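A single structure is presented below for examination.
Labels run A, B, C and D following the written order; every chain starts at residue 1.
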């Protein structure tokens, strides 16, 4: 191809009249796609406390907390519920895949920067159960 | 006397040019943003107009780190001195009428001295700060200066020959009928190219090429000193655009005949701003469309292309006169 | 001196020079430097502007992933290895998953193989465009940089649409992929690819005719193929020397046996040929994605995901955007790997890049050194720091301030 | 395939060759490693060393040289004693191996005779305690290393 100088100028002029791609994000809401993997959410009604999510989690976000014991028939069963330390969560969604009761889901929320990271500990399931 | 000090320090001297420098930076950032499909400064002032001012004051109040092995005296007091160089130069530029604040018969020589002195100041500052990046940067800066000085002087020589004078006022005066850009277009182009080199803008931003030597000779500066240096670079920008306006575009004069003194000054001011910003804008556009070249390529470009071109222009002028 | 002897001597100088240097004329290039996206340190020995020797010191982004993988189950390991690198995250998970699959005897469904190809090629487009934008940045052409990164957003949006995240895709799993393609993705892909084809043609025109870019890239970074091949480079760096090597063709994985890539080579072995090869690969990727999306078969996207893997040594490689990415996995039949060894393309290429730099000037460093598209995060993987799960680093602003004041007092910096 | 390959290695004793899918595994003695690699590069004409892997197997350290030719991985596998982990370097034959060997030196403490980078760290920080075992050895205790390096 021929060697020329300042070849990008016509395109520059064209770009000036186009709308800028920058989104004024904090002032206007940002759209994310339908499948976006954001903050984890649990439906406490559906959770049975089986503990599979705690086993599969690659980032050790989920710890099972014992809430007490209950008698079912003649067996004594420990009631457990998960606590989520969401500040460690990598949003991979493996717990969602493995949850047999569809109690978990990933929401579209992504604004997870907080001054106190303890506010990212999700205790929803315990609060409902106890 | 008071009027003279007012002119020197406030209008059309120091303060006026500092504000234009801020406006230039805003225009540069906004133009670059538009070209690159971005939005640029947005929140400080209308359309982000006060963003450069805010940045300047932010830098002023930041901590100043002095390297242990630097020459402390020059490191601390050099930047204000560097700042004074284009400020004094700007005082020679005619803004409101035919004459600048400090105009005299041979002021163009002094302006050439100012242009050389700003490079010298930069190298002194870089050596005072020390560091390997600065050392390499100054080597490049001086080499680049030696390459562009000859075409710079030759391109300035064209208006001098056309007006037969070394005074900026005379040069402006003799352009009332037709601007010298029409007599000497090649010289004007050479002057623009050389301005890019003097201002360390692409494709000649070799002494401060950030992906190679970080910030060149400015690497060690921070806080107040950096604020001064950045402002000075913007002032240089304004100074060279204003110089191009004065030498080739008829200075502040517009082809309108007005009798009233005050209105004429206002119109001249508007003309000066319009032309200076146009030249500045032209430089922004050129620099946005080019990549950086290497120092040996820059040297050979400046010596083998711009220098003969300026000679050619002078030859044409001599033949036609 | 015969040619072989001189070659031998040059190589000996390369290897010996890695530790012997004089401190005069040393220019530090990194660990924190505007030309490098990631922390890495290159000592550059100069004579004037000319480079005599380049000494890399790597390990600044060392995180201990190879050890950490050993303490995770096979499934958990996928999410860890894909975090080795942000840009080629799918290549990492794909290489790991394929290596494990070669040990298990499970068949990957055909639809899953097609989907893997689509994501891998989208990733290649995104990586190559990112690199090309950075070429603009390294040569001081900021406008080109911004334009290309703007266009790259289209690919990232597509990836987010399919996998749910822009960078860490978390998409591959053993024996398949985790999610099916969303509905009407075909239309989105075709729109984006049409736009990208147009843009890539424009960029091709710009880099091949803009004089200032040509002066910075044409003939820069030349290295004799005979010398270079002994240093075992991979990927576009090898292809720009005329070797037609591509894992996608040599050892087809995913659906590359059905949709065959067209491997482009060049004999110029300079930065310009690297640019052109990468742009041609982007065009080829666009073709392959369009072919795959129209001819995608129906069926399941994964079979059973095994919890344990039979005993054995597995080796697998994929063609990541930067070149051949190699995984070695040793299993002893348990639910976690015994040893995972990762060889990233950057570690293979870095020696060639330092060799390429010799004899050039300092101004060529950013373009040549990063011409191989380095990813230092990939290169330095292991650590001893990051394993502990219960413990977190926390430092408050007050502590940081205190530390800073003490540091300044101790070192006497800033006092007059 | 295996026989024709074996015939190329006739000058070496104690060599075992097996093939599984596209993996050819050559088991060689540690002393023969340079010779084996020379045969691979000179007689077989394979120049592309993919990488070198080191695995701690408890008593011994297993070092695997992965070569890639046309359609096959050619793996040269050798085992050395953990008590005296020394082996000759192949950088004279494959210069590209220098970083791979240095990496194993860092991570497993194997000394490659003839490699110029054996006196410095490649990946590990300079502050890594010298009396600690290298981090990928089985006996390396991560808590201990972290404590010693003041990373707590």
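Keep this in mind: a contact is a pair of C-beta atoms (placed from the backbone, for glycine too) under 8 Å apart; a residue touches a chain by one contact, two chains touch by 3 or more.
Remember, predicted model here, so these are calculated numbers, not experimental data.
> Between A-B and C-D, which chain pair is linked by the larger number of C-beta contacts?
Pair with the higher count of C-beta contacts: C-D.
> What is the distance, in whole Å, between the centres of chain A and chain D, each centre taken as the mean of its C-alpha atoms?
42
> At what distance in angstrom does the C-alpha mean of chain B lie from that of chain A?
53
> Using mean CA coordinates as chain centres, what's the gap between chain C and chain D in Å?
24
> Go ahead and note the Å separation of the Cα centroids belonging to chain B and chain D.
61
> What residues in chain C touch two or more of the other chains?
143-144, 147, 150, 210, 212 - these are the residues of chain C that touch more than one other chain.
> Residues of chain B that touch two or more other chains: which are they?
35-38, 288-290
> Output every touching chain pair, sorted by label.
A-B, A-C, B-C, C-D
> Mind pulling up the chain C residues that touch chain B in the complex?
So the residues of chain C touching chain B come out as 26-28, 33-35, 46, 48-49, 136-144, 146-147, 150, 210, 212-213, 215-216, 361-366, 412-414, 416.
> Hey, which residues of chain C end up touching chain D in the complex?
These residues of chain C touch chain D: 11, 14-16, 18-19, 58-59, 62, 64, 66-67, 102, 229-233, 245, 250-251, 313, 315, 317, 324, 326, 328, 330, 338-339, 341, 343, 347-348, 350-351, 380, 382-385, 387-388.
> Can you name the residues of chain A that touch chain C in the complex?
Going through chain A, the ones touching chain C are 1-8, 11-12, 15, 21, 32-37, 56-60, 87-88, 90-94, 97, 106, 117.
> Report the residues of chain C in contact with chain A in the complex, numbered from low to high.
Residues of chain C touching chain A: 72-73, 75-80, 83, 143-144, 147, 150, 153, 157, 160-165, 168, 170, 178-179, 182, 202, 205-206, 208-212, 214, 389-390, 392, 394.
> Can you tell me which positions in chain A touch chain B when the two form their complex?
Interface residues on chain A, with respect to chain B: 5-9, 12, 15-16, 18, 20-22, 24.
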